[in-house]
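Scrolling down, you'll hit the structures one after another.
Paired with chain B in one complex and with chain C in the other, chain A is shared by the two complexes that follow.
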Partner chain A sequence: MLRWEIKKLTRNVWNIPIITSVICLWGIMLYFSTQARFWYILGSLALGFIILFISTRLFILDEEEKVSEVILTTKYGRWNLLFQRVMTAGIYTTGIVILFLFIQVIGVLLFNRNEIDVHELLTVHFLKGCLLVWGGSVLFSVFTACLCTIFKSHGVTAILSGILFGMTYILRGNLLQQYSFEWFLEKGLFSYLIRGENGLFEPQWVVIIVWYVFLMVSMITITIIIQFRRHEI
Partner chain B sequence: MSLIKLGFMEGKKLFSQREIYIALFLCTVLFVMGLDAIGEPDVPLLFWRKLADVIPYVGFWFIAILIVVGVARCLPFEQEQGMSELLLTYKKGRLTLLVVKQIVILMYCVSIVLYFYGIAVFVFTMDYDLTGLFAQVKENPNLYFYANLEWTYAELMIYEFGYIVLASYIFALFIVLLSLFIKRSVFIMMIGGSIFAAGELFDKFIIKYIGTMELGYYLTTIYDYMFNGMLSFRYLNYFGPFSTNEVYGLFLFIAFLLFGMNLFLGRWQRHVAMGD
Partner chain C sequence: MILKIENVTHQFKNFSALKNVNCELSPGIYGLLGPNGAGKSTLMRILVDVILPTKGRLFYNNKEITTLGARYREIVGYLPQEFHGYSNFTAEEFLKYVANLKGLDQKNAQSRVQQLLELVGLAEVKRKKIKGFSGGMKRRVGIAQALLNDPEILILDEPTSGLDPSERIRLRGILTKLSKNKIIILSTHIVSDIEYVADEVLLLKDGELIEKAPPSKLLNNLLDQVWEMQIREEELAKYSTSYAISNIHQQGSKIEIRIISQEKPHRSAEKVNPRMEDIYVYYFGSRESNAICQ
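And now, the complex of A and B:
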């Protein structure tokens, strides 16, 4: 089942244009600037975009193709179906993160005009936040999957997650009071994690971890309750 | 069915989308947060100056978001409900329907703009003195775009309202144009939103890297005269080429052009669908 679900995502027609755009824009950024940071805007936004419009679609595809009633009679069980789909979203997101890391590294190696030590360049400047990026993106994909399952609408999920995720790039709350509403909006809605390297210097790590655990546990619990009430698990 | 009734039904379809209300809630929260960020010492006419500055400062983002969310589903609605073939048999023709839809979209733009001005008035009333509507702008000029300093704030607000309605309508017509080619509303939302977001990201971040290069100059010009520039009042820059009246004329021309183009393409697509 997992293989089929992954196939559905990898065969999406938007994969190639988005990845090609990322490669081109990263090349342009590196060509024009030696200070370019991959995850700060380009990588994190592209990843958010892919999660919102490709990975999340898996959870609404049955509705769109009007086969949800048939799919719910699966002999493997509805719990298994939900679990496998969440797993698929996580695996697909991991694959995209690895691909983006590869694009980032290749770009850095090709445009290393200042002859900086490659090992230092990769470990200190570029790859230091990759674990954070991976964690943030997998959490975001599970979050959007839960939202999509709750609302049964790709549009609603895209609007809710898209506005909250995207606004942090424009309304920056770095200088705002700690633990205020704006602070949570800036740091508590995944884009902060996906931007990677910023998070490494975060002094309030414990609060952030507690917040994300709370957010994810609540989201998953609500999804399960709603699915249960709809007799979908 | 009369045209007014058709317009009413189309309006009902547009305003019954739950996506709009979800986006409206989020945008209202973020907009009010944005209003708080404009901190100023107490000076005369602050209420009217802040009201004039609020849309070019942050309001246009939320107007753009709501336009993308609302208009993206306006045309594909019938397709998504599986009744596009039935629509081809509509007695008054697809052209009439498209005209009505585009007029309803204009009403939608007016409502959104009024809503955000309403929120701003409500928030500012709590903090500032409302007097000075008929005072001249030069007593405490607005900051984000050029306006005739001899105008009163009443004239300025009427001008600004008309400007932002026209600018948002042009953006909405562009989304309609996109939806003539893309059949799924989520993808229209995605592409329309990305076009706007890319402009904002360019203005906020990318320009810092390439601002001194020739490429930066060209891209800034594109930003200034595309949808982002329209909605953020860049057409009325202090050193811009257009006067206040010329901008109105230009916007009306662009709006008519897009309106006509959408009708033409809509009619052409009908013929393609019918196979004649």
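And now, the complex of A and C:
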């Protein structure tokens, strides 16, 4: 079952254009020797875009292609399939994160003009960042999957998640009062993690973890309740 | 094998799609007939457990279908009214995917998919992506997926829409062959399809089941009530307001009409054998012919 769901994602027409444009952008950044800053804005945005437009589509494809009723009348088309699809979204996102990080490492190793301390970048920034990028991406893909399942509309999901995801890029974290509403908007909506910010290593890490656990548990619970009411699980 | 529908009612906000539907279905082919909005698709969606009825229950062999859950879905095959299939999948891939969801193992799925692709006449295009398929071809993919698990209950919502006459004949043949140990329910607007294959016809009007009988019995009810006659064009409006008209055919300067009436409508009128279309007009009226006449 997982194999078929992954196949559906890899057949998405957006895969090649996005990955190609990311590699091209990286090339341009390398030319200007700003490799280290790439991940901070463009890389994280590209990852968010891939999650929103490719991985999330898995949860709306049945509606768009008019097969949802067929799927719902199959033996494993309810609970089992929902679980498999969440797993697929996680696996796919992990694959994309690995690909992006791999491209970045290759870029640093091949084109570094001694302006960046490679050892420090790979051991200190990169290893710490990797975990956050991966965790943030998987959580974001599950969050958007839930939204998409609730609203049954890719457009609504993309707009809502896009606005939430964009908060980190709009709000200035160092100017915000700790634990204020804006502080949560900046740090608590996935993009802060996907940018590889070392939030989990900051003193307020406990609050951030508790917030993400609360957010994800609430989202998954609401999704299950709504699915149950619609007689879809 | 019995599928029992008990007091099924379904309400969409202020609109009653189904009102206290009761009936028992045993193996055979059932044709569901009714105008648009009569509740046919809603009833079918309830029968396959896609939606829950507002009131009432459904039993399969005396067990409630909501309790049976996946065990019920295991024996159901369903083709919804609207079906496209994943456009980026080939017909073969899509069927294998559905076979997987229906719990067929890989080896079984492989042979069953090939067998069904042959049956619906898509074996030659099995590696072509569904996005390149015509409406009729997509419909045939839909029919094939419904048959994948060799279902005991097969529910087809307008299976013949988009199919050309030869494909319709082929489908009728398939359904007749399958009907021995299965409950097959099909709805279609092409009433002749029901006339040819259905063992019983269920007539739905405004959400109510108004009749359940074999086509021969329904046709017998209309015996001596169907007439054909030629009239002048200006007389058409008069007849359309007084009688149920099941067909209008221009013949030179005159018009030949087919009327359903207990009494002879005109001395020139000739009695003819009733057809399923006459039954449809008798029970549901004919908006089309009235519109033409006005």
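A few comments on the model shown:
The rule is short, and it goes like this: the second predicted complex is superposed on the first by the 212 of 233 C-alpha atoms of A that agree within 3 Å, B and C clash if a C-alpha of one lies under 4 Å from a C-alpha of the other, contacts with A are read in each partner's own complex, and residues count from 1 in each chain.
Assume a contact is a pair of C-beta atoms (placed from the backbone, for glycine too) under 8 Å apart; a residue touches a chain by one contact, two chains touch by 3 or more.
In this text the structure is predicted, and so the values were computed from the model without any measurement.
On the superposed chain A, the two partners chain B and chain C both fit, without a clash. Legend: residue contacts after superposition of the two complexes on their common chain; A:E182 is shown touching chain B, with no touch to chain C.
Rounded to the nearest 10, the angle at the Cα centre of chain A between the centres of chain B and chain C is 80 degrees. In the superposition on chain A, A:G27 makes contact with neither chain B nor chain C. Contacts of A:I163 after superposition on the shared chain: chain B is touched, whereas chain C is not.
Contacts of A:G135 after superposition on the shared chain: neither chain B nor chain C is touched.
After the two structures are overlaid on chain A, the closest C-alpha atoms of chain B and chain C sit 11 Å apart.
In the superposition on chain A, none of the residues of chain A is touched both by chain B in one structure and by chain C in the other.
Every residue of chain A that touches chain C in the complex is listed here, in rising order: 1, 4, 7-8, 11-13, 61, 65-67, 69-78, 81, 231. Residues 45, 48-52, 70, 73-74, 76-80, 82-89, 93, 96-98, 100-103, 142, 145-146, 149 of chain C are the ones that touch chain A when the two sit in their complex. Within the complex formed with chain B, the residues of chain A that make contact are 29, 32-33, 35-36, 41, 45, 49, 52-53, 153-156, 158-160, 162-164, 166-167, 169-171, 181-182. Chain B makes touch with chain A in their complex at residues 18-19, 22-23, 26-27, 30, 33-34, 61, 65, 69, 72-73, 185-187, 189-190, 193-194, 197, 200-201, 204-206, 209-210, 213, 215.
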